[in-house]
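Chain nomenclature is as follows: A, B, C, D, E and F, assigned in order of appearance, with residue numbering initiated at 1 for each chain independently.
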Amino acid sequence: MKGEETEVELIKEGKRLDGRGFEELRHIKIDVGVLKRADGSCYFELGDNKVIAAVYGPREMHPRHAQDAKMAVVKFRYNMAPFSTDDRKRPGPDRRSIEISKVSREALDPVIMREYYPKMAIEVYAELLQSDAGTRTAGINAASVALADAGIPMRDLVSSVAVGKIDGEMVLDLNAMEDNHGEADMPVAMIARTNTITALQMDGRLTKEEFERGLKLAMGACHQIYELQRTALIERYSKSENKKEEE
Amino acid sequence: MKGEETEVELIKEGKRLDGRGFEELRHIKIDVGVLKRADGSCYFELGDNKVIAAVYGPREMHPRHAQDAKMAVVKFRYNMAPFSTDDRKRPGPDRRSIEISKVSREALDPVIMREYYPKMAIEVYAELLQSDAGTRTAGINAASVALADAGIPMRDLVSSVAVGKIDGEMVLDLNAMEDNHGEADMPVAMIARTNTITALQMDGRLTKEEFERGLKLAMGACHQIYELQRTALIERYSKSENKKEEE
Amino acid sequence: MKGEETEVELIKEGKRLDGRGFEELRHIKIDVGVLKRADGSCYFELGDNKVIAAVYGPREMHPRHAQDAKMAVVKFRYNMAPFSTDDRKRPGPDRRSIEISKVSREALDPVIMREYYPKMAIEVYAELLQSDAGTRTAGINAASVALADAGIPMRDLVSSVAVGKIDGEMVLDLNAMEDNHGEADMPVAMIARTNTITALQMDGRLTKEEFERGLKLAMGACHQIYELQRTALIERYSKSENKKEEE
Amino acid sequence: MGLEIVDDIREDYVYDLVKSGKREDGRGFREYRQISVERDLIKRAEGSARVKVGDTDVLVGVKLELGEPFPDTPDKGVLITNAELVPLASPGFESGPPNENSIQLARVVDRGIRGSETTDLEKLCIEEGEKVWIVFIDIHILDDNGNLMDAAALGAIASLLNIRIPNEKYGVTGENTLPIRDTPVAVTMVKIEGNILVDPNFDEENAATSKLTVISNADGTLSGMQKSGSGGLKEEEIAEMVEIGIEKAGEIRESYL
Amino acid sequence: MGLEIVDDIREDYVYDLVKSGKREDGRGFREYRQISVERDLIKRAEGSARVKVGDTDVLVGVKLELGEPFPDTPDKGVLITNAELVPLASPGFESGPPNENSIQLARVVDRGIRGSETTDLEKLCIEEGEKVWIVFIDIHILDDNGNLMDAAALGAIASLLNIRIPNEKYGVTGENTLPIRDTPVAVTMVKIEGNILVDPNFDEENAATSKLTVISNADGTLSGMQKSGSGGLKEEEIAEMVEIGIEKAGEIRESYL
Amino acid sequence: MGLEIVDDIREDYVYDLVKSGKREDGRGFREYRQISVERDLIKRAEGSARVKVGDTDVLVGVKLELGEPFPDTPDKGVLITNAELVPLASPGFESGPPNENSIQLARVVDRGIRGSETTDLEKLCIEEGEKVWIVFIDIHILDDNGNLMDAAALGAIASLLNIRIPNEKYGVTGENTLPIRDTPVAVTMVKIEGNILVDPNFDEENAATSKLTVISNADGTLSGMQKSGSGGLKEEEIAEMVEIGIEKAGEIRESYL
């Protein structure tokens, strides 16, 4: 969405350049509990996006004056590895990653039972190892699973995906090529069970009708992702159970 | 005072380029209580300088180890808006603004009854919205009134003005053109009632006699400014009183 | 050791360019107690290296959460003055100085009786005023004497020197010319009385045998430096004694 | 701790009011506070606007400087939007580098302008790949009494509408004004106790857990949206907010741009 | 305070084990944990390797960009090694600029590569004094379970061994691979209760007061060494560590490079 | 807290002494401590001077590098003055970026030099608009026992007086010395209990609420002035201080420059 003219033809014979249909997600791969030091962790692949999320906590909140006497403070840090992007990304937070960290934290806040841990911190880290558009949605999906893996009490999982407009069509889950040459991009996060939207951003230009269509499309895909997240957690849980039994 | 030769003729037929006499101030406009969130505030115009000052406090001092057990700590932050200068100013403090903040704080310290509020902080912010030489004096004038508006106990107001040397003459209240091409600049702050100098800087080259003449000139002008500051505060006070009576 | 070819002939007729033999130190000068404000201090010259070290403490450790409940924390700050190098050094820590600070602190830690001062800080500052290769060893030597001058309880002094390889030969105490065009550089710090190595770095390329020869060479030179450090401290001590007697 | 209790009481007060269909300042749920837009106050800037929405007070200044284009858009000018939540404006703001709130503010305003292709960035190119105008939109918050977003966005577009390009100062030739193709307007709403309130004041903003900013253009299309806050929104609530956002933007555009 | 007691107990546990000739994970003193090297996982990078040593997990990516050479080496490319101990990898890591541990990690890996003259920096020059390849070696720690140094150094050399030079992307001509002249391997050892243990895990690293990293090349020469920790080492201990370091490096080189 | 009480006692001690016409170190009110100026200690610098005023110890080094002029003065060299209050010099100094005290110190020294047009910046131009000498005056404080300002200013002018321009190192041609047109000298005074004391030591500086630095030139003109501290001064006190400042500057100039 760089305000560029769409010079590239992104849809050919009813298919997108990577062969997907309009309402088709990229391939998704979820591994739970991939890190040893973290209290919870998740590796999430969305097409060529590769992200690892880790959760630490609840633990003491520093600095003290930032504690909340009534509930845990959730910290979220979205970070791109220097080699994750086409041009090397300078290490450290930039304005984009600071905004994404805020949006991601607010996407997860509604499901975390923060009131259980007054004055504590729950820290969530999402490291982008490879990026191909949609990184913030991949990060939220990974973080949601990592929170569950860490045993943080949650009302439900959060699932996230973007929709966008390319060549005049509303399509699901833009890749980098589509994002760069498309007309609009709209990341959404949702609590699938209650259809509650917890993150919503829009960028580009859409009519009201396109927006509404896009939102429905995203919500449907969030349900798909939610099932994949649940399955991954159940597998992980049953593995640990089996391990225990073996012992 | 950039060490530049005076190539520009700054005085013509006994008048300065903007038509002022040697001992004439630029127009001054003072509005008290212009901000709602701040505990006290003041908008001050000096020619083309536009500054807003706000005061918060007394309130708890952070960090604790910077508290003074015997009196309140005054913080002063002089800041130029990015659009206030000819070339855009990069946001954030630079060396010049850090020095001006120190000088301005020390100009105000002598009148603030800091001993009333041990361990507390009194925070003063001066935002320069448009600059035309003399910004630090405008900032001190505005801050002094804002402190009074915030109800901070004060021994008196502080008034401030610069004098300088242009085309060999000592004149009052340099504008940017005069400052850039003049031979010396000398900002002064004073407690008018007791003729106590609380800030004094000099830059450029002056004889002892020129310096003494300049100082007298500045002191006289501080008395004028003091009257304007008092009038503005009285007006503000009577307005509030009227309001109360109407209720 | 910049991975550069050795184009410069560094050894002529069995002597180094500055006339030294292979196993010869540069001239060393040690002055103890050169600063008044510091609790202990030492000026150390090693050839053209000039360094002043100062010690403050034991005193309260800030911030608190960095305190160690069982022993004092030693802070070490190696800093180059902007004019100490061929090209002006930008003020402030860079990656090199941060690493050297760590290595120097760990070189001194083993001799400081840190367990005497739980929760306290012992601060060591080494300011490089002029540099000519071997600055970190000069800094460690100076700091070690300054710690003793400050009366910090120590098991022994630490002595430090570098060895290196130039024109195929292992030599002692490289100067800048030798360092820039040499094949390897290896700074060593040692507790002379017990022959305990407390710092060891190597950079360049050495065979195992060259390394072992180099280490022996460095250890021998550390004994020489140790004697000079002791002598300087004894002189300082006797001077203070004489002063006392005179009073 | 004392302050936290006060915050709780204020929140409860806002909730109770809203439940009985009222707002602190007597407005209707769909009603903006008094808006004013003053233009060209800052003569050192190439464009400026001071926007007040109730007691919220925002000064936006636009400066143009010559610089190099980005390598991937060699024929376009550069737009940089920056917001400073200076500590003058609120007891909660602190000195220091931009925090997440000021960054979000700047980036949402920026995206609204880009999304609508408000400025024709190609008109800001002087020499392809070499020299273009860099347009700095600086948002300076003076008094934060809630809903900085709408005030900042309005200030930005109002400033852009009449900038004077400083060709002479920089010794280049070209047109002196910048054609503005659209006028994106931001409308922010919060959800409190199931009700949608436009233009939240400070207490309402604090009390609400969900906030949505909807940026729309003269033709009713959307050019930006941002949900914030630690709560959720339902699809139908969002639809309603979009509806309201477009309508209110139209009213503001008509009155103030 | 509670945590400190736990630390003490863990340390004592490690000491007791070592005294009885054992290690937490059942290894021998001279035994590495299981090593794995996965290459080219990151397609945005010109070279990459994920190295696991036991549960320690490090991802190294190499990116090449065009830039200017240093003035004193106008005919050579530039090598920049950077390490990020991101807070994802350990409860003890914090966000923020690189601290002394990450700086030391990056600098020791960097010196190992330079010392062995692994990369022929002259081959990275495109136009003398004007345009050279800048090689960024970025070490991204994912899981710190001890001995980051060896994993990072192995990841760096494994990444360098098969980088693809992005000539096309930058519109220059030249060879597509970088000849690697040597393969420095780092071997880290700690001294605990008078014993030398290779490849310390997290608890062993914490319990030990002295650590030595020995970097050596295919021909058995040394190209880097770094002692760390607040304890000392004897000459004969160092000699033994160098011996072990060279031997273990040979084994790792053979199996994984 | 303990420290604050000590501070109070020291302050009272200084007050009592001054009231009875005395100073801690036995000096008269108008008397400087012993001054020494050592030149050219630092051979890596193009000029240097170590100035001691009593136990106050300041090292100033001047480095010249080639660089670009400022756009508004294309035919002039650039003078940059920087001061570092390194934590070695005082228990009160902290590591980190320059604070307001070090910035004030550097800026007042800098203005003194500029005000007197000490250096002919046009002589430092090599190629108009392209290449000029950048003169870095770096003030490095070694021991702060009061009155850093006078020591730093004296070190700066003493360093400038005999700099060697490094034409050869940078491969340019030109004169090897810099003509110095004037010799500004700073004299700092404090007011304590109604008395004016020159060259305050550390305790006097802490005890005084008002301090004035007067910088003057060989011909008795003033080229800089700075009041600091949280107290006020009367017109006649300032006049007296200016008088003393010019006189003392003359004495220092004669003895040490």
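As a working rule, a contact is a pair of C-beta atoms (placed from the backbone, for glycine too) under 8 Å apart; a residue touches a chain by one contact, two chains touch by 3 or more.
Everything numeric here is computed off the predicted structure, so don't read it as measured data.
Engineer: Please report the smallest number of touch steps linking subunit C to subunit F.
Structural biologist: Minimum step count, subunit C to subunit F: 1.
Engineer: What is the set of chains touching both subunit A and subunit E?
Structural biologist: Looking at subunit E and subunit A together, no chain touches each of them.
Engineer: Chains touching subunit C and subunit E alike, please list them.
Structural biologist: Touching subunit C as well as subunit E, we find no chain at all.
Engineer: Which of these, A-D, C-E or A-E, makes the same contacts as C-F in over half of the contact pairs?
Structural biologist: Equivalent chain pair to C-F in A-D, C-E or A-E: A-E.
Engineer: Rounded to a whole Å, what is the gap between the Cα centroids of subunit D and subunit E?
Structural biologist: A distance of 48 Å separates the two centres.
Engineer: In whole angstrom, what separates the CA-based centres of subunit B and subunit F?
Structural biologist: Once rounded, the distance between the two centres reads 26 Å.
Engineer: Round to the nearest whole Å and give the separation of the Cα centres of subunit C and subunit D.
Structural biologist: The answer is 57 Å.
Engineer: Multi-chain contacts in subunit B: which residues touch at least two other chains?
Structural biologist: none
Engineer: Got the subunit F residues that touch at least 2 other chains?
Structural biologist: Those would be 98.
Engineer: Testing understanding: with touching defined as stated, what is the shape of the graph linking the protein chains, line, ring, star, complete or other?
Structural biologist: Here the contact pattern is a ring, one closed loop where every chain has two partners.
Engineer: How do the chains line up around the ring if the path leaves subunit C toward subunit E?
Structural biologist: Order of chains in the ring, subunit C then subunit E onward: C, E, A, D, B, F.
Engineer: Show me the residue ranges of subunit E that touch subunit A in the complex, using the header's touch definition.
Structural biologist: Answer in residue numbers: 41-45, 48, 55, 57, 59, 61-63, 65, 82, 84, 86-91, 95, 97-98, 136, 138, 140, 142-145, 202.
Engineer: What does subunit C use to touch subunit E in their complex?
Structural biologist: 1-4, 69-70, 95-96, 98-99, 101-103, 106, 109-110, 184, 186, 191, 194-208, 211-212, 215-216, 219
Engineer: So in the complex, which bits of subunit B are touching subunit D?
Structural biologist: Residues 35-38, 48, 50, 52-54, 56, 59, 77, 79, 81-88, 91-93, 123, 125, 127, 129-131 of subunit B touch subunit D in their complex.
Engineer: Show me the residue ranges of subunit F that touch subunit B in the complex, using the header's touch definition.
Structural biologist: Subunit F residues touching subunit B: 1, 4, 73, 98-101, 103-104, 106-107, 111, 114-117, 121, 209, 212, 217, 220-235, 238-239, 242-243, 246.
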